[in-house]
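Have a look at these structures, which come just after this line.
What follows is a pair of complexes built around subunit A, which joins subunit B in one and subunit C in the other.
Up next is the complex of A and B:
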């Protein structure tokens, strides 16, 4: 996890799946009540619905609190998982961190 | 004609075994020269069924009973891949909870056919159209 300027960055990589549920929760908990948040998942090679549920929970709570969250996803498997779950509109997803940062820096909709 | 290739795995129903079983299935499909995206989708569906067992199947059973999961993958006579992911636990029909329950939705989006047999433990049976 790192912070650059005012953006809180949570970085997870590898396979986000059931055996790492607690680790995913802890990483997301570190960014609770913070805005804006960049969830840098560019290094994720696989994700399952358990990881997706944790991400969704975090993003719903952020939305209720008018906090901005952007996700960077590059894995085709992860991108398709989001589509298969019918959650494409539930997240602000970008394929690189520059675009995600531009969205978060923009401040539109804060 | 030889027997259709099969992969059969059985291990404890614990979260640390889900990824190795999924990886073994991926390697089996790679050996059969199935294309990458299709392998990823099949292993994604398998991963959902396996994780569901670990999360729910044995929630109502005593700890001293055997808690296992099984995976059987095989090509059928029509050249389609059939996949069974089974456990010896109890099937629990959960009330829908907002923000949960994406696993079956994901499986249905990927598999050509999917059914759940709860007559003896629980078996999720999936069929995937063949792609190479």
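Up next is the complex of A and C:
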């Protein structure tokens, strides 16, 4: 998995809420115009609508720019919220990072 | 301090000036006494010579007067010289006293009592009186020297008074100036403080006013929702609640609509605009118009949302989650589409309440988002519940929130249908405050109006 080194990993954890908006934005901004991106949200247990909006914007922009983004989500609570937000239907979501990396590596090979 | 210095200085200057003028006055009166002394002696001498010449007793009256007065003059001049400490003139005074005694004994008495040697006596008398005159003149000269010194001292004192007065005026002016400057500075500081506190007060008033405005709008909106006249459709009983966030007067972006459409259909819509404030309200109204407009054009729920989404993306609207649903009162079919919004709850008689399918991006995110229409064939007595995320996210544990919501829906089914939304709200929020906006809309299908499809 030598290509793993080329995958940009953005890791967020805990409860994502309006108080952490700047932190979330900064984390996502570090992966702007980068591909592929692994959005590691395995440690996230909650996200309010502001945080979800930030995640949505990032994913939509990546899609527009034909960049590959994979999300790792493990918390059932957060997973539910992501489903509500429609992210699940529009983006690649995995429940562990190995599978997400595999998906991104696969894409690189195409 | 300035006042104390002025008072002390004033007292000092006054004492100097007072002493100077008292000295000058004493010298002046001493010189008068000396002149008086001389005059008495001369008067006596003239009187004696007159009497010696014509022997008329009338001449002797001024002689006796002089004899009575002269010792008093000697006394006064003596005490004057002592007071003024003019030791240099004391021998002259003693000589004058002595000369007068000699004149009385050697000239006056013989001239009055005898007619002998009148010529010699008168010459001797003249010599003695001249000596007396020289003594008086010498005393006067000493006093005159002293007077010159005292006068110049008095003049200095006067100058000192002038200088002191000038200094006092300068000091008073300076003090007044300093006082004024201090007052001015103090005034400036007070003014700054007053201005600061005034702007502080104004800001807080403005914030309060802004708060009141938002609170009022929130109240009016709630009032508008609670007075909503629902479609009068026998087949469907509707109920709803809307509770703005209780913590602050946040104008929420939560809304619901229930509208009778042509062809026995009822539109149910619910939504939530991300954020709060006037922008959220504007976006909310735009979304409501688009959804109602689309539904009136007989579009299916997914088409309604797709069109609304397209317009909202173009308008750079805040992100909005929504459910748009149609109830067909003829067939009891419930069709809906969701855009990033928590799923509707369905409760059918004899079954547990359950969450329906859902899932698509919210409105206002991506222009080309596809939505899907889900169609559910319901039965008489079934209840549909639409709600905003405040109803399940109060604890941040979505699974728990959803479970509580489903229980609340089941509890509401036991109550009159027009109170269903209130019962759900009250059941969920018995223990906790309404932290976020919460809107709940229920539709219960009437069992009595069942028709076959």
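Heads up, the rule we're going with is that the second predicted complex is superposed on the first by the 101 of 110 C-alpha atoms of A that agree within 3 Å, B and C clash if a C-alpha of one lies under 4 Å from a C-alpha of the other, contacts with A are read in each partner's own complex, and residues count from 1 in each chain.
Throughout what follows, a contact is a pair of C-beta atoms (placed from the backbone, for glycine too) under 8 Å apart; a residue touches a chain by one contact, two chains touch by 3 or more.
Model, not experiment: these values are computed from the prediction.
Asks: By the touch definition at the top of the document, which applies to A:19: first (subunit B), second (subunit C), both, or neither?
Replies: After superposition on chain A, A:19 lies in contact with subunit B alone.
Asks: Looking at A:56, would you say it contacts subunit B, subunit C, both, or neither? Reply first, second, both or neither.
Replies: It touches subunit B and subunit C both.
Asks: Check whether A:88 is in contact with subunit B, with subunit C, with both or with neither, and answer first, second, both or neither.
Replies: It touches subunit C, and subunit B stays clear.
Asks: Touching A:102 in the superposition: subunit B (first), subunit C (second), both, neither?
Replies: A:102 contacts neither subunit B nor subunit C.
Asks: Would you please give the residues of subunit A that touch subunit B in one complex and also touch subunit C in the other complex?
Replies: Touching subunit B and subunit C on subunit A: residues 15, 46, 48-50, 53, 56-57, 60, 76-77, 80-81, 83-87.
Asks: With touch defined as at the start, can you tell me which subunit A residues reach subunit B in the complex?
Replies: Against subunit B, subunit A makes touches at 15, 17-19, 21, 46, 48-50, 52-53, 56-57, 60, 76-77, 80-81, 83-87.
Asks: For the complex, give me every residue of subunit B touching subunit A.
Replies: 15-16, 18-19, 37, 40-41, 44, 47-48, 51, 54-55, 99-100, 102-103, 105-106, 109-110
Asks: Spell out the residues on subunit A that touch subunit C in their complex, using ranges where they run on.
Replies: For this pair, the touching residues of subunit A are 15, 45-46, 48-50, 53, 56-57, 60, 63, 76-77, 80-81, 83-90.
Asks: Please name which positions on subunit C make contact with subunit A in the complex.
Replies: Contact set of subunit C toward subunit A: 272, 274-275, 319, 321, 339-343, 358-362, 365-366, 369, 389, 393, 396-399, 402.
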